[in-house]
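Here's the structure, in structure tokens; my notes come after.
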Amino acid sequence: MTPINPDQLIVQLTQWALSFLDSYPLVAVLVAILLSTVPLIAVFPGCFAITTWLERKGLARIQNRIGPNRTGPLGILQPAADGIKMLLKEDIVPKTSDRLAHFLAPVVLMVPAFTILSVLPFNRNMIPAAVDTGVILFFALGSVSTLAVFMAGWSSRNKYSLLGGMRAIAQMVSYELPLVLSGVTVIMMTGSLDTTKIVAQQQLSEWIQSSNAGLQCLGQIIGWNVFTPWGFAGFLIFFVASLAEINRCPFDLPEADSEIVAGHLTEYSGFKYALFFMSEYVSAFAINGLSTTLFLGGWSGPNIRPPWSDDPNALLIPGFVWFFAKMFALMLVMIWIRGTLPRLRVDHLMGFAWKFLLPLAIMNIFVGGFYYYAPRWHGIPVVGWPIGFLVMYLSYECIGRLNRGPKTAQRVYHYAS
Amino acid sequence: MIITFSILSAIAVISALLAVRLRNLVHATLTLMAFFVALAGLFILLMAEFLAAVQILVYVGAVGILILFAIMLTQQVTGNVKEHIEAHGALWGLAGATAVLLTLLLPAILKTALPLQPVVETIDPSVRALGLNLMAPYTIALQVIALLLTAALLGAVVIAISPEKSEEEKKS
Amino acid sequence: MSTETIAPREYQIYSGDDLRTNVLEISMGPQHPSTHGVFRMDVSLDGETVVKLKPVFGYLHRNHEKIAETTSYLGSMPYTDRLDYFCSMTNNWAYALAVEKMAGLAVPERAEYIRVIMAELTRLQNHASLVGFLTNDLGASGTPLLYAIREREHILDLFEWASGARMMCNYMRFGGVRNDLPSGWLAQCKKVVDDFPAFMDEFETLLTGNEIILSRCQNVGVLPRDLAINASITGPCLRASGVDYDLRKVDKYGIYDRFDFKVPLGSVGDCYDRFMIRLLEMRESVKILKQALATIPEGPVNDSKARNFRPKPAEAYGRIEGPKGELGFYLVSDGTPKPHRYHVRPPSFINLTVLEDMCLGQKIADAVIVLGSIDIVLGEVDR
Amino acid sequence: MTLLPTNTSFAADEGLRSELQKAGVFVVSLEWVYNWGRKSSIWPLGFGIACCAIEMICTAAARFDLSRFGAEVFRPSPRQADLMIVAGTVTKKMAPQVIRLYNQMPEPKYVIAMGACAISGGPFKQGYNVLKGVDRFIPVDVHIPGCPPRPEALLHALMTLQRKIENQRTLGSDARRTNPAYRGENRECPIPEFGEHDLVPPYNPEVWKPHTIVREA
């Protein structure tokens, strides 16, 4: 019996459970599949519920209100009430709609949203599907959501829906490029598409395995990609592009309520609408999980080895705690942005993707390459870091200035005499 | 394995047939995408995850969306029900197509020893090997394709720009 | 309802020299999240660009003028509250002004001051909520709007204290105001007015420098100076186009000539100018309010003789600078207790006439904010 | 504490319920859960007509805060709304659109007639173009008098509506009989058109009957 390792408790439990089934390999495979997928399907809708509550409370706080407080303590049961109500609502399918596509759209959105969660490493040895090509599988399945939004918009036979669908396609296809390109930098630097390897690359294993607790903590943080110039720029580009990819404010044009009512969701009611709602949040979790994995060190965080363990990799706090903490932190930033910023216009949105984010992401790839080959002093990137940072900053300024043009500026107002 | 294969190939064949037969263009495209996804599933069965991912990324995420965009610009999404293409000699056509297909596949079928033996891993399916292959022996091919795609991109830009220019000329 | 199925709409290309897509006709409203009430815009879109825009009114036609012609002069006063339901005080004042002109009634000094205070408070809350609604149309999840409404509540409390109603004050009378201000009111008003600039600083910090607001409002919905004059646009919309025309300066009605304030002017006439002019006007209103609160005299507040009266056959046109523009009442008396003809010149209705000119060639999202920047209230547009 | 969904007859047994409660077991009927969900998450349609709409916005704002009841999610599309607040004067031109919006909402749906105009035409009742009360065409659950009603009145109306939802039956044959949303029939209201003098039909006989005045002989 191996000593109990709090970090790997769930993994050890799973292995222990599976060890009973050694003589039935087929059953063992099925049970293993269930053990890795059922938690996803159970945990993430729960996260979705918490996030909707957080969003309503957070927005209320931003707007000086109280927010839901009649359902349980602090209104924590509000998502449950919403869910029950949505389940009980009548499901309306418009008479002239394309029934099949109208029905399939939420499903097509939901299935990839949950599937892409399986390539995220929530902890060491805790990844539902350890595939060699995790990142590209993520982007590939993520691109299917465009199709779902289009199906919803087109099948509703509503002009607002159609406009929303058209907007969604243009927006999501455009923002996929900076999203993928900023991820490519990380893939290039790691030399792998495997998400577990990308996380491992961000940990300084010598420091973690040393006996000094401070070094153990630091070794889990200092290697994060976000602390490199290309990683920092890449993270920002990735985060902005991911906001657009999942139709969050200020890029929520496909469902811009002040312009096109509710966009592709206009004709959806009841449970289908709830499915849409949930899938969007699950996609948000997934994409935040990926940016956590790529740039924020995945499941690593300030952590020490438990005193009783002699396993050099053992950790006191389970890694998924850090993973979910980072994911929720990014969600909170998204909520904050939603409470603060107005919406972009269609042409500005496209211009922002093609003229600003894309060149910056390409520039970032070059900077990444330079950083990789720049000479180091005792392994510290003394040349790559400052020059890379300078280049990224200058290109940000230059591309920003080229885009801004003379049109928008603060004005001076005069008074009549 | 064989069950998964049968289900996926059944989906692939049925959706491919539907893609050809359906009158509604959007439905046809959607079934085409179902076909692509089923194909990606078959690739995964062959342990080619990368190819499956690229299949979905390129065909569902890009090509399919492009087709949908093109359909949005067409006149009749639903198709004209009355004007069916008269299927004269459809059987002959089917027979001819089957004959050609069989002729092409016959050598492969004859060479295969039945019952099928499990394939021994002789190739390295990793992405790294794929990348190294693309970069070392097939560099020129890759470059040519890249050039072609760039040319296509520029051509698309030119086509997209020209009508607006003519409008400006009309105004001036 | 008929039960036959409607054929799915087909999207057609009409082929010209080059590839053209069909225009998409959208009826925005009367129920639309951002048409500020029951206004409808029939918009034709080429992609997302507006190629045609037809405003459709009348969804809130409540027969205000007809009802007023069958009611006594004083009886119409509550109805004027419901014209522009954001600014009942200024509506009252314009109507009172018209009747006073026709009947030759004088207004006591203190009442004049109270009227100015009420009108400027109204301007403050109207402009603040307008800017909030505008940012809501920009898609800001209501945050600036709720900030504005939080501030508006303080002013509404003052209205309620003085008149008994939050929104429909019905406070002014011919020859004065209905009742004197309750004790303590002026002190509270002073406090609200003193606190207001802090809110405005917060508001301006949040909004005016925001890159998204700059890029979405600047050079959008430009109203040229000539068009603004020719279409008889009034109010902040006109001043945003650079025309120096403020009835408080031109007519000097009431006692506005006693106060020191300036008229801010725009230069481009786009949405951003209209938005900024309102913010600047709020600062000027605060200035007026401070002066008025410092110098308000004691004395009677109304002319008790002027209740129900029969004016001699005459006609009169009373106008004021409302928060939305020139609000005028045209009255014709035939000697009976009821007006023979009663007509309202609603600023937001006339400002709406240039909507199509401002929206053509813009994106659909711009049409929404252009409408928002005009500042319409349907009660006044449709009457 | 345990929550046990039970059938309604068991839950209705108050004595048994209180006995169990003393023992630390809280029995909750499925119907109670359903009604609790529906009453705690009333999403109104973001739809204002006239003056009262401003007070409706004030209710949603910081001072009165409709969101405490979980009702701040103003949906732009009727398909996702539970409650229509008819806030303002419904004119004869607007009435068909209001009824159409009502028809577009999915069941169970509720209507609050806010303000004198929506109840009866209010101060504009004598106008030729004003509908004398929206309850002539659509079933109204709560009426709020006032011109315009204060935000507190709207909050009170919301709580009244919550009480109404609480007491509705959603399960069993009783629900079919008493709860209009579960009656299973088409609850679509006919949309009137402009006639020669008035809307045709002038009212929806299923929800409104003209008052008959009995005169003494």
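Odds and ends about this structure:
Going by the order they are written in, the chains are A, B, C and D; count residues from 1 in each one.
Note that in this section contacts are C-beta pairs under 8 Å (C-beta built on N, C-alpha and C of every residue); 3 or more make two chains touch, one makes a residue touch a chain.
Source: prediction; values computed, not measured.
At the far end from chain C, in terms of centres built from Cα atoms, lies B. Put simply, the chain nearest the middle, going by average C-alpha positions, is A.
Taking A-B and A-D together, the chain pair joined by more C-beta contacts is A-D. If each chain is reduced to the centroid of its CA atoms, chain A and chain B end up 29 Å from each other. Centres computed as Cα averages put chain B at a distance of 53 Å from chain D. Note on chain placement: the centre of chain A and the centre of chain D lie 39 Å apart, centres being C-alpha means. Distance from the chain C centre to the chain D centre is 32 Å, each centre being the mean of its Cα atoms. Multi-chain contact residues of chain C (touching two or more other chains) are listed as 8, 32-33, 146, 150.
Among the residues of chain A, those touching two or more other chains are numbered 63-65, 257, 261. Among the residues of chain D, those touching two or more other chains are numbered 46, 61-62, 76.
The touching residues of chain A, when paired with chain C in their complex, are 59, 62-65, 95-96, 157, 159-160, 162-163, 167, 249-250, 252, 256-261, 338-348, 407-411, 413-416. Against chain D, in their complex, chain A makes its touches with residues 56, 60, 63-71, 75, 77-78, 80-85, 87-92, 257, 261-262, 265-270, 273.
Residues of chain B touching chain A in their complex: 24, 26-27, 30, 33, 49-50, 52-57, 60-62, 64-65, 68-69, 72, 126-128. Chain C contributes residues 5-9, 24-26, 32-34, 45, 48, 135-143, 146-147, 150, 208-216, 218-219, 244, 246, 249, 262-268, 272-273, 276-277, 280, 363-366, 368 to its touches with chain A in the complex. On the side of chain D, the complex with chain C involves touching residues 46-51, 53-55, 57-58, 60-63, 76, 78, 88-89, 91, 93-94, 97, 101, 123-124, 126-130, 147-148, 150, 188, 190-191.
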